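Below: one structure in structure tokens.
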Amino acid sequence: MFDYVPTGIPGVDAILGGVGIPQGHTILISGGPGSGKTTFAIQFLHQGATERGEPGVYITLDEEPEDVKKNMSQFGWDLDRLEKDKKLIFINVSPIRVASTERAGLIQLGMKEFKLVKLLEAVRAGVEEIQAKRVVIDPVTIFMLQYPDEIERIYAMRDLIADFRKNGCTNLLISELRGTGLEREHQFEEYLVQGVILLRTVMKGDKLSRMFQVTKMRGLAVDNQPRPYDITNSGIEVYPTLTVFK
Amino acid sequence: MFDYVPTGIPGVDAILGGVGIPQGHTILISGGPGSGKTTFAIQFLHQGATERGEPGVYITLDEEPEDVKKNMSQFGWDLDRLEKDKKLIFINVSPIRVASTERAGLIQLGMKEFKLVKLLEAVRAGVEEIQAKRVVIDPVTIFMLQYPDEIERIYAMRDLIADFRKNGCTNLLISELRGTGLEREHQFEEYLVQGVILLRTVMKGDKLSRMFQVTKMRGLAVDNQPRPYDITNSGIEVYPTLTVFK
Amino acid sequence: MFDYVPTGIPGVDAILGGVGIPQGHTILISGGPGSGKTTFAIQFLHQGATERGEPGVYITLDEEPEDVKKNMSQFGWDLDRLEKDKKLIFINVSPIRVASTERAGLIQLGMKEFKLVKLLEAVRAGVEEIQAKRVVIDPVTIFMLQYPDEIERIYAMRDLIADFRKNGCTNLLISELRGTGLEREHQFEEYLVQGVILLRTVMKGDKLSRMFQVTKMRGLAVDNQPRPYDITNSGIEVYPTLTVFK
Amino acid sequence: MFDYVPTGIPGVDAILGGVGIPQGHTILISGGPGSGKTTFAIQFLHQGATERGEPGVYITLDEEPEDVKKNMSQFGWDLDRLEKDKKLIFINVSPIRVASTERAGLIQLGMKEFKLVKLLEAVRAGVEEIQAKRVVIDPVTIFMLQYPDEIERIYAMRDLIADFRKNGCTNLLISELRGTGLEREHQFEEYLVQGVILLRTVMKGDKLSRMFQVTKMRGLAVDNQPRPYDITNSGIEVYPTLTVFK
Amino acid sequence: MFDYVPTGIPGVDAILGGVGIPQGHTILISGGPGSGKTTFAIQFLHQGATERGEPGVYITLDEEPEDVKKNMSQFGWDLDRLEKDKKLIFINVSPIRVASTERAGLIQLGMKEFKLVKLLEAVRAGVEEIQAKRVVIDPVTIFMLQYPDEIERIYAMRDLIADFRKNGCTNLLISELRGTGLEREHQFEEYLVQGVILLRTVMKGDKLSRMFQVTKMRGLAVDNQPRPYDITNSGIEVYPTLTVFK
Amino acid sequence: MFDYVPTGIPGVDAILGGVGIPQGHTILISGGPGSGKTTFAIQFLHQGATERGEPGVYITLDEEPEDVKKNMSQFGWDLDRLEKDKKLIFINVSPIRVASTERAGLIQLGMKEFKLVKLLEAVRAGVEEIQAKRVVIDPVTIFMLQYPDEIERIYAMRDLIADFRKNGCTNLLISELRGTGLEREHQFEEYLVQGVILLRTVMKGDKLSRMFQVTKMRGLAVDNQPRPYDITNSGIEVYPTLTVFK
């Protein structure tokens, strides 16, 4: 009943049943700072644009597109070219801009002018412009912060996911992971999406270890075991046949 | 004094005293994301409908029925057919629909229009329509979120269970489990239902381990030990004679 | 100075100094869901009624008396008969009833109409009717929830215990235990009663272990060590000479 | 510069520098339910009254004097006689009495009528009546609960201790200890008193172990090591030369 | 660029780079009840007054000066004489006095009349009177409690330290340490002072162990390792060449 | 696409891909009290000023510049000279000054007069005056405290970083780390900056161990492993080839 969308990221599709993400799913990519979340997302879009003729939209709520491209240059991906060829589109929907020094520091209670509506419109516009099949929101956490009340946040997330269900794309929501331990509390977004991938950096004794783990994927039998991964000079690489060392 | 309702899920009835769930009970099925809660619930309904002539009602508060059926297709269950033959009925009582982009992001304080009343009516209507004997609410957590006050939540849950006592069915309430550790705080719903089944994914060192455990079953002596389980291509399978490995 | 009230539950009286509970005490029976608290309580009343000519009152704030009797049927106790012979009396003082679907879900702020007064009257009436010598309140937690303020709760519990001091009976208050670990915070009720018995289910590695422990008993030297117990087909059985296995 | 007040409790004075509590100190005796706090306190008064001609005042805020005496009867202390001979005096300053069933359950916001003043007057009256040299407040926790605000509580405790400094007696404040683990947060009262004694029941694996420990004693070098203790049929007995077993 | 102020406490100056505290620093001495904080502080002043011709001011916010001197008598320090010779001065700036029984227990919201101003004036007066070079505030915690709001507390502490920077003395602030474990959260005062010394009593298995540790000392390379210490009959003694035993 | 800014601190640039910090980045330097954060920052500026002709601005929100220079004198850096030669500039933007004793202790609710604007102006002025290429804010925590609301704090931090993106310098924000354990919660600032360096002092058994770790560095492949470091008499020294001992 499903089509599958291979990520093209080494080792990942083997973990995803050998086929990839079920088409149309919204997946949470959750990790700590420096875990490679943005790299994973850009690599997903880059692979789609170059290998599979699937254009992609990258929505940034935090870093400027120029800085993202600069940070990704270490992997050898020519993102500017893909943008020119309308294979990728970078959209900045950062809620606040510092226009002048006066505005700096003012409490931006009016940030709720930045509605879910604006975000959804930006996504829609981007998808339409290049007929995208892949979408990334990075990070969705900034969007969630607009809603201080937990119940509002849950409903906003549900609205976002409901709207994404109709956009015909496979969507990644990049999210920030709170704790560093192996035992943790589940964040509410994990219950609302169709899949969850964790990129964790865990201290084993005094050694840092990177663990890639698919903890949820509706509609597909996947390998749920944590697997080691690296950030190489070509991007993320996961090792599906290895166990994370103790 | 009891009739028993076999789940038909491999390994589960052996754990349930060899007979199944005492008829009429309301059971909490609690687990983390990706633990197989929905799979367990659908399998329970599917088994009832196909093996025991017991029609079932699946009430969803989160995923669209179409998506649920699509996600379950990997197990080879022909849910559309059972629905046509009025052996299963899928009802969506999701509190919020995004009707248009304007409504997206508005704070839905009016969600209390979604009353317990509507949920109970939906259940009643479904049970009546196909003379159901099995009911699933998935997940009951979304319903609980309507009541921000803890005491209101407890009383709402008690009302729900009290009403279910009269519906002549055996009911599963699917619930989200907060933490991932072996030691945990009991959630208040566990005290109000007649039985509790936990589907846990626990990290043993770096290996993920799935544990099925019946922690409560009024009126029946059960095996309380945690047992390993898998999500196979036929659904959930529990291994009642094995111990979870360290 | 004391008379003693043997529980008649296998293994328990050996732990209670070989004699039982000091007459007139109010004892907290605290445990998690599925730990056998209600079974312990009913067994205490059943033993009193059948073996020692001591009628008993069972006050339920949660489950319907019919369901309690049904759930206990697995142990072979003829509770209906004892009720007919006025050896036992089951009283339901559940604070809320769902009279019609309209009332379902309404916030019952008026629950404070359910006063301590009503509970005490129900107890008094029951004791008087059958000249009871044993009383069970199951669970006292629901009663406590009527008082959101912690200090009010403490004073309400003290009033309850003060009133019980005068009822000439030996009283068990069934209570819900929060955490599952061996280390825990003491709940305030433990300081107010004359005795505390814990029924705990503890995970030892991956194996579930049941532990019975008397942590407090004023006026009597008891064995404070945790001892294993089972829920057999005759009810609770404690093993006073065994140590809980690691 | 100090006189010392031997407790007379076996093993304790050896730990207190071989001499006892510095005269005039206010000491916190902190422990969980069933740890023997009240037994320790009564034994201290009993020893003073019978062995050292030091009358004592026992102020109870929780249990009725009659019940305390009944509970202590297991140790063979003739408390009634000592009361008749004006060697001991039992005073009840319980903040609430249930006068009639109407008053039960009413929120007693007016409990602040029970002032520190009343408690201090009760102590003063008792000390004067029998020329007491030893005083026990059991438990001081109930008194503290009158002050919901933490800062008020700190100042009330300081006022109490300041007043006690002038009463010419050696004073024990019995207090409830929150957690059961070996690692814990210090309670604020520990900083305000001149000495602190902990009576802990700790789980060692599955075995319960009793530990007596003097964690603070101004003006006297003491043995701070935790030592095992028992509650025997003569009262508390501490073993100053033993180590608590692992 | 610095002069150094040897503490004169055995073992401490060896840990402080062999020289002592950089002159003019404000140091936090943090420890649990019974850890020897006050002893350390008095020993520091005593050493300064007797060995180095540096008079000292002891500001108490909790214990009466007479009681402090009495408690310290066990170490053989003639504090009364030093006071007469104007080598030491004891000042009581306790925020509350119980003037009469009426005032006892009244909520002292007016405690903010006790301003930082009064404390600073007391210090200034004391320093001027005896030309002090060493100052102790014991404990600074009571002063901090005047400010319920965390941000006010931080600013009050900064004002205090800023004022102390100009008093030409080397200052110890005695503070209460919350938890007993080895892992802990840093208290905000640790970031505002120029040095931090912890006096910890840690449970090693069942044995109590005392650990002295300098965790911060601006301007001087110190030994940061925890070292064992004792409270002997001459005061504190630290063992800089030993490791704390496991 | 990047230029790199070597820190010049022994061992650090080897960890930073052999090249240093990507030019223009804002990096968080996070550590506990006494971990060497300020030393690291001053060493970074000193190296830039003396070895690479890159003037630097040191903005202090806490310690007076004179005290910082005095504390750093132990390392042999002639900061006064560098200041005279306009290679370094020290700017104090401490939010509160104690002008007179009256003002001490007054609640400074007006501290929000200290705007982000003032901080940014101070930075801009300093950078312009000496044509700086390196900037340090020490600590940024004091600035964050101006915003009690978490969302305001996040937006203020984003504004600060956005402004820094345009200042043409490489910027270090010094921050206070809450806990001492190896497992921790990520602080929100870690998500907003381009790099994160942790200076941790961890207890290994009873031995204190210093660990340097780069947990994030956008645009550059770095060594993420924790490495031991010391504070020597020349400043910080990291050992990139060693593992932290257990």
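Read from first to last, the chains carry the letters A, B, C, D, E and F; within each, the first residue is number 1.
We adopt the following convention: contacts are C-beta pairs under 8 Å (C-beta built on N, C-alpha and C of every residue); 3 or more make two chains touch, one makes a residue touch a chain.
Note that this is a predicted model, so its numbers are computed, not measured.
**Student:** When every step has to jump to a touching chain, what is the lowest number of steps that links subunit C to subunit D?
**Tutor:** Step count on the best path from subunit C to subunit D: 1.
**Student:** Along touching chains only, what is the step distance from subunit B to subunit E?
**Tutor:** Between subunit B and subunit E, the shortest chain-hopping route counts 3.
**Student:** Touching both subunit A and subunit C: give me those chains, sorted by label.
**Tutor:** Intersection of subunit A and subunit C contact lists gives B.
**Student:** As a multiple of 5 degrees, what angle does the CA superposition of subunit D onto its copy subunit F give?
**Tutor:** My answer is 120 degrees for the C-alpha fit.
**Student:** Where subunit D and subunit E touch, do the two copies share over half of their residue numbers, giving same, or under half, giving different?
**Tutor:** different
**Student:** Between subunit C and subunit E, what's the gap in Å when you average each chain's C-alpha atoms?
**Tutor:** 52
**Student:** List the centre-to-centre spacing of subunit A and subunit F in whole Å, with centres computed as mean CA coordinates.
**Tutor:** Roughly 30 Å, centre to centre.
**Student:** Using the average of all C-alpha atoms in each chain as its centre, how far is it in Å between subunit C and subunit F?
**Tutor:** Distance between chain centres: 60 Å.
**Student:** Specify, in ascending order, the residues of subunit B that touch 2 or more different other chains.
**Tutor:** Counting only residues that touch two or more other chains, subunit B contributes none.
**Student:** Select the category (line, ring, star, complete, other) that matches the graph of chains linked by touching.
**Tutor:** Topology of touching chains reads as a ring, each chain with two neighbours.
**Student:** Could you please specify the touching residues of subunit B with respect to subunit A in the complex?
**Tutor:** My answer: residues 32-34, 62-64, 67, 70-74, 96-98, 101-102, 104-105, 107-108, 111, 139, 141, 145, 148, 176-181, 201, 203, 205-208, 231-233.
**Student:** Quick check: in the complex, which residue numbers of subunit A touch subunit B?
**Tutor:** 1-2, 115-117, 120-121, 147, 149, 151-152, 154-156, 158-160, 162-163, 165, 182-186, 190-192, 194, 196, 211, 213, 215-221, 224-226, 243-246
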